[in-house]
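Two complexes, one shared chain (chain A), two partners (chain B, chain C).
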Partner chain A sequence: MPQETGKQYKQMLKSFLRTQGEEDLYLGQQFSRNFIEKKIAPEDVISLHKTSIEELIEDLPPEVSISFDFLIEMMIHYGLALKEHQSLIRKQEAIQMEMDIAVRMQNTLLQTATPEVQGLDIGWISKPAKQMNGDYVYFLNETSSQVCLAVADIIGKGMSAAMHMSMVKFGMDSLRYEKRSPSEVLSFINKMIEKSISDSMFVSMFYGKYDTDTATFRYASAGHEPALFYCAAEKEFKLLESKGLLLGVQEEAKYEERTVKLEVNDFVVIMTDGVSETRTENGFIEMDFIENLLCQVKSENAQAMVDYLFNELSRMQDYQLHDDFTLVILKKTK
Partner chain B sequence: MCANIEMMMRINWKNRETDRGGEMNLQVEQVDKDLVHKFKIIGEIDIYTAPKLKEHLAKLEQAEGMEVELDLSEVNYMDSTGLGVFVGFYKEIKAHNAKLVIKGLNQRLYRLFEITGLNEIMEIEQIEGGEDDASV
Partner chain C sequence: MEHGSSIEINTEWDIVAARQLGRNEAKETGFGTVDQARITTAISELARNIYLYAGKGVIKIEPVRAGQRAGLIITASDEGPGITDLQKVMEDGFTTSGGLGAGMPGVKRLMDDFRVETEVGIGTTITATKWLH
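== the complex of A and B ==
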């Protein structure tokens, strides 16, 4: 410790012993911040105090002086704990930086563009509950009259989830020009994922393909939440369910494929369980709650509908999402 | 495991690390008899309690011809992490030619196994009179 610091401390202490004023206490506080910045250990501060008091009080009883040696011993462990704490903070900062890079990479690698499709209005949102998103949306334009979309939910978070998402994306990209049906795409991605996924991991995925020439939506599901279909003529919602096992559970899996025909103003809503399993103070919301919300905005455009649902459902959770939230709406406009 | 010796274990996990403010609780009761192992799981299986359940199930020494029964009749909530534990356990059981039955599923849990297609590959049983929904 620099001699100058010792002198200043002694001066402050001397002044405080005389006045016991608030001002000296305040100065002391400022001084201690300085100590912390300079990484001066607690036992060194006591040692400084001991020297100062011995110099300030001539007839200091020797017991008092010795008692500081005892206190110094006591404080050494506090000093070690402090050092450990500081090193943890530094490590945490380093991890945080890595995470930020990973998030940026995930966003760049996995980004998707909303396709322009004649007569189909597309709106979507995918918000992570924490830093990294375990939900994934990917759009593919196979031809000008066809659009494919995948909505996937990967259990587990962080880097492993991001890696499996890349596999989903790669699987879809590699089948891009092969005109495969939704069930074939799911079987292919399942085989790919099954080989590399750890035992208690899986991916649920909904895959749909809309054809503008026939206005039909062909879909298959790998253990994913059923989508909702709104039939404007009947003013009714139907569940779009199709049987299929989660991706990554076993190598061979069959995926049922179904189709639904869309008329003008009909829409399809694909979501993850972060939407359907919204949990509020009063328990889980039911599907008819989501249907009611959708009904209120059914004449809006697809993105406005998506944004409205997100705002309402996140408000119900006090703006603290419990799970990643992903919602896609496809609406036939002409 | 010795024949005719029933062993009972009761483990209580409390986890305060929850974003829902409440105290999460998961208990597992285990009864072993010869090659039959019965587990009763009580509480919530979520991202906080799932690792403990996984750890508990992993302690079971897998043997050919073994039968494992998981009773979930007192599980009032399970998320996808919980499902992950059962998927992992199922794979291990299958690899050892053992048998797994998951029983006592309430309507909501049964639906979860149905949506995920796991009901097609696993032996699962809905709770008797399983109309009640205990998840709320």
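== the complex of A and C ==
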């Protein structure tokens, strides 16, 4: 310990013994930050106190002096705990830095561009609850008249979910030029995941393909949340459901494929359970709640609708998402 | 007189004897109260590890002189099970969270030099040195 620090401590203690004033206590407390900054262990502070008091009080009873040795012994483990704490904080900072890099890498790897399609307005959002997103949106502009999209949700969150998602993305990329149907894509990804992902990791996925020439939307689902279809003529919502197991459960799983035809102002809403299972103080929301929100903004463009839903639903959760939140709206404009 | 000696650790009471020996040696070498307490705590932890994980072993305490520097070397050796994952044992939070005391990182912090030699099924020897500043 620096000698100067020792001298100052003794001086402050002397002043306090005389005045017993609050001001000295305040100064002492400020001074203690010095100790922490200079990484002086608690046992050293006691030792300093012992030396100071022995010098300040001539007829100090020997028992009092010796008692500080006991206190020093008591403080050794506190000192160790403090050092360990400081080292763990440094370690945590290093981990946080790694994490930030991983998040940036994930964003770069998984970024997808919203395709431009004649007569189809596309809006979407995907927000992670924690740092890493376990949801994923993938667009593929197969031809000028066909656009594919996948919305996937890894069962599980965080780092491992995100890493597995990269694999799913590259799986889909490898089908880029093959013009496969939605059920074929799901079968392919399923086989890939089944082979290479651990048993406890499952992925739900909704895969759709919109054809501008016929205005039809073909879709298949691997255990994913049903999508919503709004029929403007009937002013009604329908669920777009199709049978299929989660990806990664069974190698030979089959995926049902269905088709829906869109008229002008019809729209399809694909989401993950972070949307449909929004939790509020009063429990989970119902699907008709989402339908009502959509109705209120059905004349807006697709991105405005998506943003409105996100704002409303995240406000209901006090802006703390419980789960990754992903929403895609495809709206036929002409 | 050449001081320095060793204590066999068989029972929990031997830990106290090792502490006492360590404190005497530390005092004789010229360490102040705080460093005496640190050295004793390190001996205590090492002796406890022997008692808990190896059943028996030896703590040796000897003064050392290297040029101008004087210090104390503690050697804890046992023929116990050895340490399988040394890296894990040296990690912060690994032993302390289990309530086992300061653990190996604690001993390392209390002393200036620290070395472990261990072989699974053969035993462990830990050497820790504290220098007089």
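Everything below uses one rule, namely that the second predicted complex is superposed on the first by the 334 of 334 C-alpha atoms of A that agree within 3 Å, B and C clash if a C-alpha of one lies under 4 Å from a C-alpha of the other, contacts with A are read in each partner's own complex, and residues count from 1 in each chain.
Definition applied: a contact is a pair of C-beta atoms (placed from the backbone, for glycine too) under 8 Å apart; a residue touches a chain by one contact, two chains touch by 3 or more.
In this text, all values refer to a predicted model and were calculated from it rather than measured experimentally.
Undergrad: Is A:Glu84 touching anything from chain B or chain C once the two structures are fitted on A? First, second, both or neither.
TA: second
Undergrad: Given the touch rule stated above, what does A:Arg180 touch, chain B (first), chain C (second), both, or neither?
TA: Touch partners of A:Arg180: none, neither chain B nor chain C.
Undergrad: Does chain B (first) or chain C (second) touch A:Ile155, or do both, or does neither?
TA: After superposition on chain A, A:Ile155 lies in contact with chain B alone.
Undergrad: Looking at chain A, does chain B or chain C touch a larger number of its residues?
TA: So, of the two partners, B touches more residues of chain A.
Undergrad: Quick check for you: in the superposed arrangement, does A:Asp69 touch first (chain B), second (chain C), both or neither?
TA: Second partner only.
Undergrad: Regarding the shared-chain residue A:Lys209, is it in contact with chain B (first), chain C (second), both, or neither?
TA: In the superposition, A:Lys209 contacts neither chain B nor chain C.
Undergrad: Determine, under the contact definition given at the top, whether A:Lys169 touches first (chain B), second (chain C), both, or neither.
TA: Touch status of A:Lys169: no partner.
Undergrad: A:Lys332 in the overlay: touching chain B, chain C, both, or neither? Say first, second, both or neither.
TA: A:Lys332 sits against neither chain B nor chain C.
Undergrad: Would you tell me the residues on chain A in contact with chain B in one complex that are also in contact with chain C in the other?
TA: Shared contact residues on chain A (touching chain B in one complex, chain C in the other): none at all.
Undergrad: Which residues, counting only chain A, touch chain B once they are in their complex?
TA: 153, 155-156, 198-202, 204, 222-226, 243-246, 249-250, 253, 273, 277, 279, 282-284, 320, 322-323
Undergrad: Could you please specify the touching residues of chain A with respect to chain C in the complex?
TA: Within the complex, chain A contacts chain C at residues 41, 43-44, 46-47, 50, 69, 72-73, 76-77, 80-81, 83-84, 87-88, 91.
Undergrad: Name, in rising order, each residue of chain B that touches chain A in their complex.
TA: Residues in contact with chain A: 19-20, 54, 79-81, 83-85, 87-92, 115-118, 120-121, 135-136.
Undergrad: Enumerate the contact residues on chain C facing chain A in the complex.
TA: It is residues 32-34, 37-38, 40-41, 92-93, 96, 101-102, 105-106, 109-110 of chain C that touch chain A.
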